[in-house]
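Labels A, B, C, D and E are assigned to the chains in the order they are written; within every chain, residues are numbered from 1.
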Amino acid sequence: MGKKRTTKYKKHIGQVPGAIIYTGEKTAQKLFIESFDYTETTINEQELTNIEDVFSYKSTESTTWININGLNYIDEIEKIGNHYDLHPLILEDIVNTSQRPKIDEYEDYIFIILKMLYYDKDENIVSEQVSLVLGDNYVLTFQESEGDVFDTVRDRLRQAKGRIRNLGSDYLLYALIDAVVDHYYIVNETMGNKVEDLEDMLFEGVIKENLNKQVLDLKKELLKVRRVIFPLREIISRVEKSDHKLIKKKTIQFYRDIYDHIIQLSDTIDIYREMIFSLMDMYMTSISNKMNEVMKVLTIMATIFIPLTFIAGIYGMNFDHMPELHYQYSYYILWAVMIAVFLGMLYYFKRKKWL
Amino acid sequence: MGKKRTTKYKKHIGQVPGAIIYTGEKTAQKLFIESFDYTETTINEQELTNIEDVFSYKSTESTTWININGLNYIDEIEKIGNHYDLHPLILEDIVNTSQRPKIDEYEDYIFIILKMLYYDKDENIVSEQVSLVLGDNYVLTFQESEGDVFDTVRDRLRQAKGRIRNLGSDYLLYALIDAVVDHYYIVNETMGNKVEDLEDMLFEGVIKENLNKQVLDLKKELLKVRRVIFPLREIISRVEKSDHKLIKKKTIQFYRDIYDHIIQLSDTIDIYREMIFSLMDMYMTSISNKMNEVMKVLTIMATIFIPLTFIAGIYGMNFDHMPELHYQYSYYILWAVMIAVFLGMLYYFKRKKWL
Amino acid sequence: MGKKRTTKYKKHIGQVPGAIIYTGEKTAQKLFIESFDYTETTINEQELTNIEDVFSYKSTESTTWININGLNYIDEIEKIGNHYDLHPLILEDIVNTSQRPKIDEYEDYIFIILKMLYYDKDENIVSEQVSLVLGDNYVLTFQESEGDVFDTVRDRLRQAKGRIRNLGSDYLLYALIDAVVDHYYIVNETMGNKVEDLEDMLFEGVIKENLNKQVLDLKKELLKVRRVIFPLREIISRVEKSDHKLIKKKTIQFYRDIYDHIIQLSDTIDIYREMIFSLMDMYMTSISNKMNEVMKVLTIMATIFIPLTFIAGIYGMNFDHMPELHYQYSYYILWAVMIAVFLGMLYYFKRKKWL
Amino acid sequence: MGKKRTTKYKKHIGQVPGAIIYTGEKTAQKLFIESFDYTETTINEQELTNIEDVFSYKSTESTTWININGLNYIDEIEKIGNHYDLHPLILEDIVNTSQRPKIDEYEDYIFIILKMLYYDKDENIVSEQVSLVLGDNYVLTFQESEGDVFDTVRDRLRQAKGRIRNLGSDYLLYALIDAVVDHYYIVNETMGNKVEDLEDMLFEGVIKENLNKQVLDLKKELLKVRRVIFPLREIISRVEKSDHKLIKKKTIQFYRDIYDHIIQLSDTIDIYREMIFSLMDMYMTSISNKMNEVMKVLTIMATIFIPLTFIAGIYGMNFDHMPELHYQYSYYILWAVMIAVFLGMLYYFKRKKWL
Amino acid sequence: MGKKRTTKYKKHIGQVPGAIIYTGEKTAQKLFIESFDYTETTINEQELTNIEDVFSYKSTESTTWININGLNYIDEIEKIGNHYDLHPLILEDIVNTSQRPKIDEYEDYIFIILKMLYYDKDENIVSEQVSLVLGDNYVLTFQESEGDVFDTVRDRLRQAKGRIRNLGSDYLLYALIDAVVDHYYIVNETMGNKVEDLEDMLFEGVIKENLNKQVLDLKKELLKVRRVIFPLREIISRVEKSDHKLIKKKTIQFYRDIYDHIIQLSDTIDIYREMIFSLMDMYMTSISNKMNEVMKVLTIMATIFIPLTFIAGIYGMNFDHMPELHYQYSYYILWAVMIAVFLGMLYYFKRKKWL
């Protein structure tokens, strides 16, 4: 029990605010830096070993995307932060992986924190933090570890697919966010399947031992995904409505498109929640119905046979003077009486619609 | 189980945003294009085989309605999109049939996505996407497949019924939306009947095996319809309040009328929801009540006969020395005692109001 | 079942929007028109047979109230509509009796739809639609059938009671709305009594067969009344805040008074709702409590007598070799044992607080 | 049942709006008028028999507080209303004791309706209406009956305690409202104690017959208090934010203080509500748990002894040919079997954790 | 029972508003005053015995933090209040420890009330009030008793860590609030662990006697923490958005950071609440499931053996004429019949899936 409890918050308490401390768990991550510097006609992709190598791009006219994996390399992050004049609180936020998705608009750049969502091998939802900084002609992205959802963006940059090379850094930011949001659909769909599985299971009466656990885990998953996706509504809406100099009018339509996706995802999550509640209600009703059925069987059996057993008990008594015992047809009469009682009871239960 | 799961979202992931990909399932649909070009006095209705045939209408003064069925004909849709200068994201939205109803206002046109609702043969609700583009003197509509709710609009155009030919494209758009909303009433009414059927069933005690399934299906239907109708409140309200040059002041009153309808429909849906919840609560209560009744019967029978059987059991014992067995009137006294116990019990249950 | 289902919506579908079609059921209603034309000092009350007779009042300085009963007289309503320049959609709304209460402000008049509420002979709530048009120096009212809540207004007009003759048409509108709202109090009070009856019934344990039905009917009534009253909050608030030329500053205070009434009524309805939910919760608890009590009786009886019966059964066996059967005091010892078991059980149940 | 139903609303229906009709029940109340006329240095306290005696204060520079008890004295209230130029609707509101707390701002005065709350001898919550009119240099208060919460204000006026004599009529109004709100704390605390009593009772298992009634009464009390306190949030907030000439900037800070109190009270009420819901949930759970326990006892007893009794029944049969009956050790073997069955059952229940 | 009830509110009732009365319970607290007076290069830390010693700092250019522990020293608090020109209502609020967190903006200072949260030795949550006054170049803090969460701030001041000595009093205020909020994380985490413990307990079926009590206590804790943390959202948001001269633009970013923390904490609290509700639902379901299982065992046993016992009872009767008793193989046939009945029953239950 002790192990799984998170203790990341504690790391921070008592520290100077603005102190740059990595709060995640991937401390063995290797530093990986890549850069894409492109214009409409040219592209220059590099894998860097040294953070300083990217500094020259700041002053060029071309658009630059610098992606850094490995938030445990505090020094490198500080260097790049200083070079791009990022506010110390931004650096703190980048390496603090327990952030909520958010947007901060500064005069010279826009800072966005998102969460990538995917299922790991054990079918657990994992969320990984991505920080994006949009500057004049650059986008910086910071990720905790290798492996991300940006491969389609990379391909489009390399092959000059679509408009990506023609439009500036604000479109690049859009493309990156869109890639993150696209992956939410996969997660959403998997959760939808889980809800449908639950439904099938309940209707087929397959009540597994761990049904409650399964429902609770699904609810937790929904809460987790909700927490990741819902703040995005406000974030994208603020990008869309902001008149920040970095967001060109032409690009806003694209952000509106993301906004529509987010709303659709939020709707779906709410529907899943409601479905689960309905299913649980249904489950309670079906338990009660089953109990009722069990009780009916018991009551019918007991109510029919208890009086009959009593009658049999009477004539099992050993009194010296029990005249009925000696009549010739007593036994047959008794059987007749018992059958009458039996049929009467059956009729009674039939009328009560218990049968 | 595997089959029914939707996988349409996946098609999109990893694609260039703005890529025009049909996400529906009706890939065998034939292309069908019709056009209505009219002024107050003239009307020209055509069924086209070639999308280019409609291009000439763009520059005329007359109002034109072009309706395209068959979203799988990407090329034709792109052609018309280019001819009318539609934003690539709009084309993407038109063919992506998993859109949420929405409105996008561009400088030169207004783009609206709606869902038509109807019941298919199996009494399942089907929703089909309609995209409408309102331009200066034209309205374009895009549907997934043949068969729609616009026949009344066609008739009014042909017969110059009402104001439809006198007013411009914004009134045509209104007439089309109104036709869609009118059909929501039919769906709403059918759902209302289902809720009333459920109520009747519960009160008549007809508890079918699949009641839970029926309730869940109804809830899902409500969720589905809600998802289609609720966004319309905002959409119509935005048309009403917008000061877009394409919406003339004279027409706004008509949109306000649709708005009232939508509010009324939303109200009804919420009432149905609440009714279902009340019915389910009632159902739980009635299950519990029935259980109580069953338990009472069992308890009364058991409580009366178990002690009597015990007494009979006593005098069925074979001890050599049981003086009562040999008295002459023991048997009759015993009967008297038993009847007294029986009556006492009855009196007790009577006082407890269990009988 | 089929009969009671409403089909009024269908009448409309496929019609030209703005078509004036009476959707109510009182098609045998006779046309009734009355007019009150008054100034501070004079009053002229007329019962008209011909709608054209009222047309002359339009141009006079005096204030005029024209009341029309009988929405099935489409022609007459169209005539008056044309004479007073009412928008076609207003005429459509007047005769469509399934409207939601609403307000529409036009340049030259204000159009309001309200619902009158009363109980019919069978104690069912009936709502009847009233449409009110406030013009420069006139108020038009349209009702479905004879019999209304405006008699007090008529009396005050005739007897020049209060301010009604001194102030203009906006005060007349206020007086009419106030008369409608006053009647809501009666309905509200009746519902309050029903809730209290329910409460009394539950506490006295009088659980009638049809309790569930009664609760459901009450909930439906509340929903119905809510639907009628709640939209009024916005309607009156819009009158109060509007700066429409027809609403004079002096009259606004009176509308604010109605607004207070509506808020109070809404509060009460919400409290009733909450009370019903609390009562149903309480009912469930009391059912469970009763079940518990029943089960205790069963368990006590069964638990005491089943072991005793077993013991008696043992000594009713017919084995040749059962030494106990032949001892002289066996029978008495057995009784002692049984009584001990009996008392032990009693003590056990006492300690468990089941007795 | 009939008696306790309120019928006060009916008095009003059909009356001219603005008619001044006392709707309370204290029609035998004697008229009581008192006045405090003060400046920073002087104070003049009077008990009046004649309403006209206070009229002279209107024109003086000094601040005047006139308190009138006895809303059944319509004439006197009308006289004072006319003298101070109060709107007829205000007079109507003053004597209509079923008002909701509210504020009306007029050009020359502010009109506030509050409810005083206290427990009567039978521990029922009583709410009494107070109307306050703040004018240029006067405050009028109207109460239904003798006895109020203003004694502390009177004392402070007499003894010139605190700032009350230095500041004008707006501070006097604050002091009066503050006195009303202070008494809400007492009521709130009593209700808090009731909730805690309920909690103690449930945990100690003391389940009284009338628990349900007690919970329902507490819920009703909360609803009643809520209805009195919640509207105050808006009322005070409007005073605070209003720029009415009668509210001086210096006094606003004091109103903000009341506002904080009201928020705190509202919070507490909501917490009590939530506590009661939690307690009732807990109660349901504990009923179910108890039922479970009862059922277990029954099941254990029945399951152990029913098979044993069956075995005993077998050997109580009177067949001529039952070889077991004649073996010498049959009886002992049977006992061994029975004990084995008994122990087996015990083991089974142990493993199921029912014991 | 009586003892634990709070009576602090009563102290206030009937007092002059603005009277400065300590409402807490720590009346034996000793007065403790400390001051930090610093510039970028110098720092002067003092422990004072006399409140007047700090007065000289008011006029210096340096930033001063004065911390006062011991709210029962009314006189000292009044002295400092007068020296710093604090509004009497602020002094009242400082010593009234039952305040809700709030912010009041005055022209020359900002007044904030917060609650520090920590667990005491008995694992109960304790909240202690801190009042903060931000002035031109000073911050005053008032605490109820010794021991606080500000040690990290003290250290940073002494060691000139971070920016704290370079920035003015608004940054100092931020650092103090941040220290308070940091401690909320610890409390939040402990509550999270309690929720997880509850979950583990329920899944392991360890149903302790006092589970209900534990759940209720946890719910109360959540309510308490919620009440402390939620108002902070508005408070910090108002600091962030205010354009008070005391809050410099440079510092606002830091307050936004606190705001993010508060939102995150609020989210977590809401998730805990939801988790508890889900867990309790699950608990109810599992109780019902267990009941079902118990009932099934009972029903199976009773249904199998009651008819068999009846048959045995039949042949235990003592009628003279019962032919079956005398056939040679009757006994064996009977066994066969009984076994058949037994197996039939088993088959029936198997088919019903009760086994």
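Just so we're on the same page, a residue touches a chain if its C-beta (ideal position, glycine included) is under 8 Å from a C-beta of that chain, and two chains touch if they have at least 3 such contacts.
Not measured: the values here are computed from a predicted model.
Note on connectivity: the fewest steps through touching chains from subunit B to subunit C is 1.
Centres computed as Cα averages put subunit A at a distance of 26 Å from subunit B.
With centres set at the average Cα position, the gap from subunit A to subunit D is 42 Å. Residues of subunit D found to touch two or more other chains are 284, 288, 291, 295, 298, 302, 306, 309, 313, 316-318, 322. Traversing the ring of chains that begins at subunit D and proceeds first to subunit E, the chains occur in the order D, E, A, B, C. Interface residues of subunit B facing subunit A in the complex, by the touch rule stated above, are 1, 4-7, 9-10, 12-19, 87, 89, 92-93, 98-100, 102, 104, 205, 212-213, 215-216, 219-220, 223, 227, 280, 283-284, 287-288, 290-291, 294-295, 297-298, 301-302, 305-306, 308-309, 312-313, 315-318, 322, 324-326, 328-331, 334. Residues 151-152, 156, 161-164, 174-175, 178, 182-183, 185-186, 188-189, 192-193, 196-197, 199-200, 203, 253-254, 256-257, 260, 263-264, 267, 271, 274-275, 278-279, 281-282, 284-286, 288-289, 291-292, 295-296, 298-299, 302-303, 306-307, 309-310, 313-314, 316-322, 353-354 of subunit A are the ones that touch subunit B when the two sit in their complex.
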